[in-house]
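My questions will all concern the structure given below.
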Amino acid sequence: MNTFGNLFRITSFGESHGKALGVIIDNLPPNIKLCETDIQAELDRRKPGQSSVTTPRKEADKCEILSGVFEGKTTGTPLCTIVYNKNQKSKDYSNIKDIFRPSHADFGYLKKYGLRDYRGGGRSSARETIARVIGGAIAKKILKEKFGINIYGFTQSLGKEVFTAVDKDFIEENPLRMADKKVFATVLQKVEALKNAGDSIGGVAEIHIENPPAGLGNPVFGKLEALLAQAMMSVPAVKFFEMGEGRTICTQKGSVANDPFVAKGDLVSSERNVNGGVLGGISTGDDIYFRVGIKPTSSISLPQKSANIHGKNVDLEIHGRHDPVLLPRAIPVLEAMAALVLLDSIMLQKAQCDLF
Amino acid sequence: MNTFGNLFRITSFGESHGKALGVIIDNLPPNIKLCETDIQAELDRRKPGQSSVTTPRKEADKCEILSGVFEGKTTGTPLCTIVYNKNQKSKDYSNIKDIFRPSHADFGYLKKYGLRDYRGGGRSSARETIARVIGGAIAKKILKEKFGINIYGFTQSLGKEVFTAVDKDFIEENPLRMADKKVFATVLQKVEALKNAGDSIGGVAEIHIENPPAGLGNPVFGKLEALLAQAMMSVPAVKFFEMGEGRTICTQKGSVANDPFVAKGDLVSSERNVNGGVLGGISTGDDIYFRVGIKPTSSISLPQKSANIHGKNVDLEIHGRHDPVLLPRAIPVLEAMAALVLLDSIMLQKAQCDLF
Amino acid sequence: MNTFGNLFRITSFGESHGKALGVIIDNLPPNIKLCETDIQAELDRRKPGQSSVTTPRKEADKCEILSGVFEGKTTGTPLCTIVYNKNQKSKDYSNIKDIFRPSHADFGYLKKYGLRDYRGGGRSSARETIARVIGGAIAKKILKEKFGINIYGFTQSLGKEVFTAVDKDFIEENPLRMADKKVFATVLQKVEALKNAGDSIGGVAEIHIENPPAGLGNPVFGKLEALLAQAMMSVPAVKFFEMGEGRTICTQKGSVANDPFVAKGDLVSSERNVNGGVLGGISTGDDIYFRVGIKPTSSISLPQKSANIHGKNVDLEIHGRHDPVLLPRAIPVLEAMAALVLLDSIMLQKAQCDLF
Amino acid sequence: MNTFGNLFRITSFGESHGKALGVIIDNLPPNIKLCETDIQAELDRRKPGQSSVTTPRKEADKCEILSGVFEGKTTGTPLCTIVYNKNQKSKDYSNIKDIFRPSHADFGYLKKYGLRDYRGGGRSSARETIARVIGGAIAKKILKEKFGINIYGFTQSLGKEVFTAVDKDFIEENPLRMADKKVFATVLQKVEALKNAGDSIGGVAEIHIENPPAGLGNPVFGKLEALLAQAMMSVPAVKFFEMGEGRTICTQKGSVANDPFVAKGDLVSSERNVNGGVLGGISTGDDIYFRVGIKPTSSISLPQKSANIHGKNVDLEIHGRHDPVLLPRAIPVLEAMAALVLLDSIMLQKAQCDLF
C-alpha cells in the first residue's frame, strides 16, 4: 500500500528513474497558508549533493504544487505535489540489471512482481522518500504553527561510536547532522576516508518531538509507539526501532526501570521519561523520543559477490555515486514520518475525544 | 483503532475486569476445519497460573465460538470468539484507583478519555492480548496447514544475560520459554528469587517464521518489517523491535554488513540472512526472524513513589499477583501477531500478484 | 467486510440461528452516559412479534453490553453489545436446505463460499440488522443530545399506493409505520389480507434527518449521498435509493429543477430543498431526506418453483413465519444506518475542518 | 476521502482550473501491457467538444503516465497518470465568484472549508471525473482481457421519455449514447432545441456488466449493490440508483416479484434476472445491471435567482459553455466506476475465497 495515515493521508508514487515522483495529501485542513517554498526548504535538507559526505549527484528536486492550494491557502481538497526527475543516468545501472545486488530489494521485487524496474532500484530507491518529505513538511508546518510542536533529529551514533553530547543548534550546521560538536571533526574525517575507500557505515538516528499534547495514540493496535515504529521501519535501510531508553529498560529490573510520576505544582509528569513520552500507547505530554537504526549504504564501490537472475554466482562492481552514510539525508525523512504520525494522531484525538 | 489487518482482520474488545474479552475475525477464508480446541491450545500457552514464574492468578480463559463456524468449518462470515472473565478481584485495585502507577498507562488514559476504568488497568491490561492469541491461533493453523509455514519464539535474553544456544525442542518444555537448556536451571533460580523479592525483570524475545514464501510485503509504507514492527510494538510492554541482526548491522561498514545472494542449484538465497528474511520490505524466502524487547513487569510489590490524580506525590504499594517476567506469556502473543501479519500479507499478495 | 464507518466504526457478527449476534463499536467518544435501556428501546422497534403485520415469531432480542462502559459512561474503548439467539427453530428450515429459494441469497452464498449455513439464511438473514440497530441507537443518542439532530422514517408507499399526508406523531403509533393517518386503516386491511393469502408486498421508506449542520460529506468519493446510498443499499431487501426528489428531478429541465438559494435574514438556504439537503456531496444545512425501496418479503407461503443444489428444478413451499411487509421493521434499521453515516461525517468534519 | 476501492485503489486530485488533474492507481496487478493509448481511448469518450450536444469547450485531455509502467508493462507499483489543464478561461467565472449558483456545490463547500476555489467549481467540477475514467480504463482492460467481462452503458431515458429498444451497436455511434435507433433523430432535435434555449434536461443511464463471475460482493456492509450504489452516487449530478428492476419490484407482491432459479443442463440461473444479477449482496453470475438518474445540467444560460455570500438575493446569469444533457459524457464515467467496483471485488474474492 502506498497510502499512509488514517486522516492526514499521503499517497505516494514514482520511481528513481521514472518521469516524476510525487504525493497526494488528502484530508488536509483548509485555510492553511502554504506555498512551494515551505516544502522546498525540507526537500533541500534531504537532497543529494550537499556536502563531501553525500553523493555528488546533482538533483534540484524542485517541487511544484499541482492542486489543493488556491490564492495561497489550502482548500481542503487533495494537494498534489510533484518533483520531476532531471539528472538520471540510466546507463549507470544497465550493467547490473540482471544481478541481485547484495542487501538490496532486487531479489524480492522480482519474486513478488515477476518483473523489475532495474533503473536505480525503481520504486525501491530511496528517492521515494521525496514524497514523505513533502507530506511531512506540511504536517510539520501545521504542528508548529497551530500546536507549538517541534520535531528534530540527529545522528546519535555511527558505527560503534555513540555520541553523547547534544547541542541542538549544531545539528543543521554540520553535514553529518551530528549534535556532538566536539567529536564532529574527527568523525567527519573517518567518514570521508570510508567514502574514499568505496565503503559505507551504519548508525543510529535519534528523533525528538517537543511539546506534544498528552492523550495521543490509541490503545491496543494503534499505540503511538506502534504507529511510530511502522512509520520508521517503512523508511529504506531502517533495521531497528527503540522507544525512549527501550534497550536499556529491557535489561533492567522493574524496581530500576519503573519511572514514577511526579507532581510539581499543577503539572504531573514522568520523573526520568525513560519510556520516551509514551506509556501504554498513549502520550503522557512528556517529550517523545525514539531511536532508529540505519544500515550502511548497500551500494558500495568495493568489489562484491552475488547471484544473478539466471541462477549463477557472479562478481559485481557497483558504479555510480552513493552516500557513504545514509543518516544525514535520512533524518529529514524520519522527522517527516514522525510529523505525519503526530498530526494524524491529533486529528483522530480531536474526532473521538474532543468532539463536543 | 481496535482493528488489525487489511484483509485478514481482527477487531478486539474487552477489559481486564469487564464481563468478557473477545474478537471478531473478518474475511476469514471459508471451508477451514476449526473448533474451540484449536484456539484453546494457544490460549492455554498464554494463560496465567502455569508455573512458579507466572502469576498464581487462576483464569480458565476458556473460549467459545459464537459465530462463523457451521458444521465444523468456517463459513467465510465473521467469526466471533469470546472469553468470559471469571476470577476478577476488583477490590485488589481499589486502593490505587486514584494513583498513576509508575510506567503504567493510567496517566495517559485519563488525559485522553477524561475517565478511566481503574479495575486492573481496564483496556490497558495485558488481558486484551487474549483477542490477539485467538486470531493468531486461526492464522497459525491456516499458515501451517495450507502453506507449510511455522512460527515459534523463545526468550533470547533476560536482564543483561543473552542466551546463545538454541534447542527448539526445549522451548515449550520450560516455564521461561528459553531455548538454552544448559543455563535454564540457573536462570530459573534467579527469576524465582526476583519474584520472592517482589521485583521483576525485562528481556528480549526472538521470533522465527520458517518457510515463508518470497514476495510478501509491499514497498514503501507496507514493508513487511514495518508491518511486523507495528504488530510487535502494539503488544503491551514492548520497547524495541529489531529486524534480523539489525542492531549489529547498524554498527558495521557496508563491506561487512552486505549479504551476498548465493545460487545453489535452483535456489538463490542470502548467504548469512542477517537481514532477517526481508529486504526492501519484501520477503526473500529466507526464514524471517526478529527480536522484540519486553520491559520488566511494571506492577511490582516493592514500595514505590508516584503521583495521584489530585496532583499529590504519594507512596504506593501494588498488591495483587504479577508475573516476575512477562516474556514466557508474551511469546505466544508475539507469535500470534506475526501470524496475523503473514497471513494478511499472503492474502494481499494473492489478490494483487497472483490474480490471474 | 463487516465493518462500517471511517471513525465511528461498527463491526458486526452473527447468524440467524447461531449462538448470538452482536457488534463492536470502535472509536466511540468517551464520557457518554449509556446503558442497555438506551439500546433496547431501538431494538424493540425492530423486533418481531409486534403486531398483526409482523412475523409472530417471538424473540426477546435482549441486549447485553459486554465492554466499553464503566460506571454508566462510555470509556472510549470498544463497546461490544451482544444479543443471544433464543427462539430458533432450526427444523423449520431443514426441508429447504438443498434448495435455492427464489430471490434469496442462497445461490450466491454457495457459489462464493463453497458452503452455506442454511439455517434461516445464516449470515444473510435480516437478523444481522440487530447489530446495525445497536450501533445506530448509540449514534442517534449522541446526535440528539450533543448536536440536536433528529432522525425518523416512515412508510411512504406500499405496492403502487403512495401516501402523501405526513403526520409525524402518527408514525410510531401504527404497526405499518405510516405517516398518513387517513388511509392507514384501509391499508392495514389490505396487508392483513396479503398475509392471510401467504403473500407479501414491497414499498418505499422515506427517511429524514432534521437539523443537520452544513458542511458534512466529502467531495468526490465520500459524497454524503454516496455514503448514504451505500449504507441504505447494504440493508437486506433494499432495491433503490433516491436522494431528495431525485426521480422527479431527473425527468426535468434545468430551468425547472434548479433550486435557488434564498437569503432570509441571516440565513441562506435552498428554496425548495428538492436535492434533499445535499449538493455536490456536501450538506447545505437544509433537512436531509431520501427514499429507499424495499422489495416484498421473498419468503412467502405460496407454492413456488425453483432449482436445487443438484441442478434439478423443484417445487417449493416455505414454511415458517414471515413478515408480509418488511418496511415497518426495516425503518429503524434505515434510521440506524443514517445515524451512523451522520455521526461519522461529523467526526470527519471535526478532524479536518475544525481542527484548530 | 479521495481514495476509492479496497484493493484496486485509486486516489484522485485536481481542480477544474488548477494546473492538472490526475490519479494514482495503487495495488495494480503487475505484468499488464499498458500504454497511454489504452487510457486515452476512454478519456476521449468523455471529453468535451465532441458533438452538437456537448459543450463546445475544447480540451485535449491528453493523459501522460508518470510512473508504474516499465518497458510497456505495469510494475505493480503505483501508476500515476496526469492530465494537464489547457483551455481554462478563468475570467468566465469571475462574475459569479460571490454567488451560490442554484443546485451547485458552492454553498456547501464554503460552509465546509471556509473558503472556495470559485474557478469553474474547483474540485466540485465534473472535470474530476477524468481521474475516474483513467482508473476505470485500466480496470476495464483487465476485466476484459483476463476475465472476459464487458461493461457498457446507454441513455435509457431523457426527461419523461423512456427509450425501450436496445441496439448495443448503435450506442457509440450517436452523440446521445442512446440505444434506441428509431427515436434518436427526434430526441436529438429536442436536445438541440433545449441547448439553443439555454436550458438543459435530466435522464437515466442504464449500465450493464456482461459475464460477471458468481460470488462477488460481501454480505452485510459490502454488498455488491451497496458498493455500486456508492460508486454511482459519488459521480457528480447523480440523484438515484436502482438495482435491476428495483423500482418495479418494490411496487409488487412477493408472488409476482420473486424470481425462481431455473436449472438448464449444468447451469442454474435466475429466470428473469429482475434483481439485476445480485442477490443478498452477492453476484449470481447473471448479467449485472442497474440504472442511474442524472439531473439536468445546473449551469444553464437562462436568467436565474439566487443568493450571494453577503446574504443578499441576486439575479444571476451563468455564461460559459455547458452540456445541455450530462448523460452522454457521464456514461463513460459510470462504466469506469462499475469497472473499479468489479475488479476490486474480484481481487477481494481471490484473497478470501480462492486463497489456496
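Couple of notes before you dig in:
As written, the chain order gives the labels A, B, C and D, with residue 1 at the start of each chain.
One rule holds for everything that comes next: contacts are C-beta pairs under 8 Å (C-beta built on N, C-alpha and C of every residue); 3 or more make two chains touch, one makes a residue touch a chain.
The structure presented is a predicted model; accordingly, all values stated were derived computationally and were not measured.
Note on connectivity: the fewest chain-to-chain touch steps from subunit B to subunit D number 1.
Here subunit A and subunit B face each other with the same set of residues for the most part; over half of the interface numbers are shared between them.
The distance from the centre of subunit A to the centre of subunit C, each centre being the mean of the chain's C-alpha atoms, comes to 46 Å.
Between subunit A and subunit B the centroid-to-centroid distance comes to 26 Å (mean Cα coordinates, whole Å). Note on chain placement: the centre of subunit B and the centre of subunit C lie 39 Å apart, centres being C-alpha means. With touch defined as above, residues shared between interfaces to two or more other chains in subunit B number as follows: 1-3, 12, 27, 30, 76-77, 112-114, 123, 219, 353.
The touching residues of subunit C, when paired with subunit B in their complex, are 1-3, 9, 11-15, 18-22, 24, 26-27, 30-31, 64, 66-68, 70-71, 73, 75-80, 82, 112-117, 119, 122-123. Listed in rising order, the residues of subunit C touching subunit A in the complex are 7, 27-30, 76-77, 146, 219, 346-348, 350-356. Of all residues in subunit D, only 1-4, 6, 12, 100, 102-109, 111-114, 123-124, 128, 157, 159-160, 194, 199-204, 214-223, 225-234, 236, 238-244, 246-247, 249-255, 257-263, 266, 268, 275, 278-285, 293-300, 302, 304-308, 311-313, 349, 353 touch subunit C in the complex they form.
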